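Dropping the structure in here first, questions after.
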Amino acid sequence: MSSRQWIYKTGGIPDEMFVRGQVPMTKAEIRTVTLSKARLLDSHVVWDIGAGTGSVSVEAALAASKGEIYAVEKDDEALELIKKNVELFGAANVRLCPGTAPEALAGLPAPDRVFIGGSGGQFKEILEYACAKLPRGGRVVINAVVLETLTAAVEMLRLFHFSDLDITQVSVTKAVDLGRMHMFRSHNPVYIISGEKQ
Amino acid sequence: MSSRQWIYKTGGIPDEMFVRGQVPMTKAEIRTVTLSKARLLDSHVVWDIGAGTGSVSVEAALAASKGEIYAVEKDDEALELIKKNVELFGAANVRLCPGTAPEALAGLPAPDRVFIGGSGGQFKEILEYACAKLPRGGRVVINAVVLETLTAAVEMLRLFHFSDLDITQVSVTKAVDLGRMHMFRSHNPVYIISGEKQ
Amino acid sequence: MSSRQWIYKTGGIPDEMFVRGQVPMTKAEIRTVTLSKARLLDSHVVWDIGAGTGSVSVEAALAASKGEIYAVEKDDEALELIKKNVELFGAANVRLCPGTAPEALAGLPAPDRVFIGGSGGQFKEILEYACAKLPRGGRVVINAVVLETLTAAVEMLRLFHFSDLDITQVSVTKAVDLGRMHMFRSHNPVYIISGEKQ
Amino acid sequence: MSSRQWIYKTGGIPDEMFVRGQVPMTKAEIRTVTLSKARLLDSHVVWDIGAGTGSVSVEAALAASKGEIYAVEKDDEALELIKKNVELFGAANVRLCPGTAPEALAGLPAPDRVFIGGSGGQFKEILEYACAKLPRGGRVVINAVVLETLTAAVEMLRLFHFSDLDITQVSVTKAVDLGRMHMFRSHNPVYIISGEKQ
């Protein structure tokens, strides 16, 4: 597969431009809202925990083009996909971090922004670790697809006195072209929880 | 009110940063998905038809920073808001175009991208005019909040043989902080219809 | 499979109590709202056009227990399922009508209520035929899962001067038990359009 | 206002048929799904805790026509509305229970079904009390409009080993007739949590 570039100033790269496997992928609309909640600067250091296919890492890398994106992922198939997608989009500032969070986070440069897209059941430990490493003014953005993550995220960000707490459920339905007609098809909803460290 | 800058590389400026009146506003999450569907380059000429509060124009101006954004709006209160928001965010490349589309579109430079956020009942005429002025590869993005606009948009983009037709309903629910608890509150859903001229 | 009874006065029989195949099924929550829009009396004659698995017919039969339900369906696999589900729930007042609507509707007793759940591309002809046969005060309820049916339903019910026109999109998301956690999973949304003949 | 009867075998009485004040009301579609999750028999004793306008009590009374519905409500304006709606629909088997739950529940006959629509911040105490009074096979149905109720409901029903646990978010959007066009307007989503006591 030849390399491709995303030349646009706006994000939301179409899903089908990424190499995908069986690994769950953050869909374009969710990804673009997720990135908007992060408020990225050019120079930001970003942790993308549970990076999956790497689609969030790639888009973060394009926005924070002088920064560094640490894509933390424990699954081997997913790591292969991240590698391919990073190459495909020339996102040279993405660093692959194989391993299980929070252990795999030790030794990484302190982040300006933290995404949590997957947690492998260690959500609280990961969020706690990440919050401890975030500087004041740093932001965390969590994509929750299970109720327990939603609940824990809201509780912990309140407990840690995060400000600007935002809890947004985004539900996307597509009217998919079937030739003669357009069928309504829902994606699963995602809760996007974000806040700023005080 | 002092000027403020949006320093981030990602969009989705929080709603409360804009000056707002009684004019309906494209909310941050819808705005950021809408802009992503437009795929803006630095240099793009953008028509923002039914610009409302100007929030889409402002964000388009930040992305297409060497381009020009034409904010077309017929309502006087809305025009005042656009002016204020453009000043507030220093979006010097937004041009105010008072008047009713499609008439008000005559004489504008040909667009690379066309947003239609409001149509005052002239939706078909506006879309037809805009499509005629778009070059091949140009993109149109429509925000439909009424059924008739959704229907007409899909019909016309098919009729005009637009490719990459995408019909996405985005429903946003916030869990709003009421002190002791977070109440689920829905925004009205928006259909975002986009396509590329062949 | 032994027969089972739904002994409750309220509807919304759980999906898993029906025999199901590859045939799309109206899910319990959509079914119960659909039936509520029909406003059934004991004695009603109901046409269920595009009856699918027969779940709507069965529930209509329980509500209109002294009436008659005509389950119109062209697909052989679906007809088998309807038959099984009718037996299973002892819905003796459901009559199977194999064939393609609107042709298959000829000769049926005039309806008090008409459901349209599927149309095989003949939606307008079916709705037109059904509307002609409905008495004043009769009600039609349409489940639209494609945009074109939604559009056509609204246009035609207005054209035929139906009163009490109601257009309701119902989106159902389940938090599904995965053992340690509950994952949010969306059903595709359904537009339920209903009205009363003047 | 003259009395009116709901003569139909199906529920989902239109909202506008009820007397309403400033008290939040369970909308027709949510109400009909809520009742379906309760699975009412003719003879059931039902507690409707936080009865609001009484719309759920009224519909429960029509379904459990030989049973008794206890409408528990602490707000005086709401109690007046319940009284009016009960009269309006001739729901003679609804008993008004002024007071704050769980205290106000003491002395009521043991329930077969418990609805919790509002809790005034005492949700856990109410649910605990209700669960203790429910017999095996009894069902509880909770309408959660805040995140904390959703979380607590799921946790407690698991803790109390309820079976058949169902967590359903229902989002209703209406296409409202504005004359020339139909505008999409969302109701706030409601989580309907239900289960059966083991």
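Structural remarks
Chains here go by letter, A, B, C and D, matching the order in which they are written, and residues are numbered from 1 within each.
Here, a residue touches a chain if its C-beta (ideal position, glycine included) is under 8 Å from a C-beta of that chain, and two chains touch if they have at least 3 such contacts.
Remember, it's a predicted structure, so these values are computed and weren't measured experimentally.
Pairs B-C and A-B differ in how many C-beta pairs touch across them, and the larger number is found at A-B.
Measuring from the averaged C-alpha position of chain A to that of chain B gives a distance of 26 Å. Annotation: 39 Å between the Cα-based centres of chain B and chain C. For chain B, residues that reach two or more other chains under the stated contact definition are 147, 154, 167, 171, 173, 175, 182, 184, 191.
Taken as a contact graph, with one node per protein chain and an edge wherever two chains touch, the assembly is complete, since every chain touches every other chain.
Considering their complex, residues 147, 150-151, 154, 167, 171 of chain C touch chain B.
Of all residues in chain A, only 7-12, 28-29, 32-33, 35-42, 63-65, 154, 165-175, 177, 182, 184 touch chain B in the complex they form. Residue ranges of chain D in contact with chain B, taken from their complex: 121, 145-149, 171, 173, 175, 178, 180-191.
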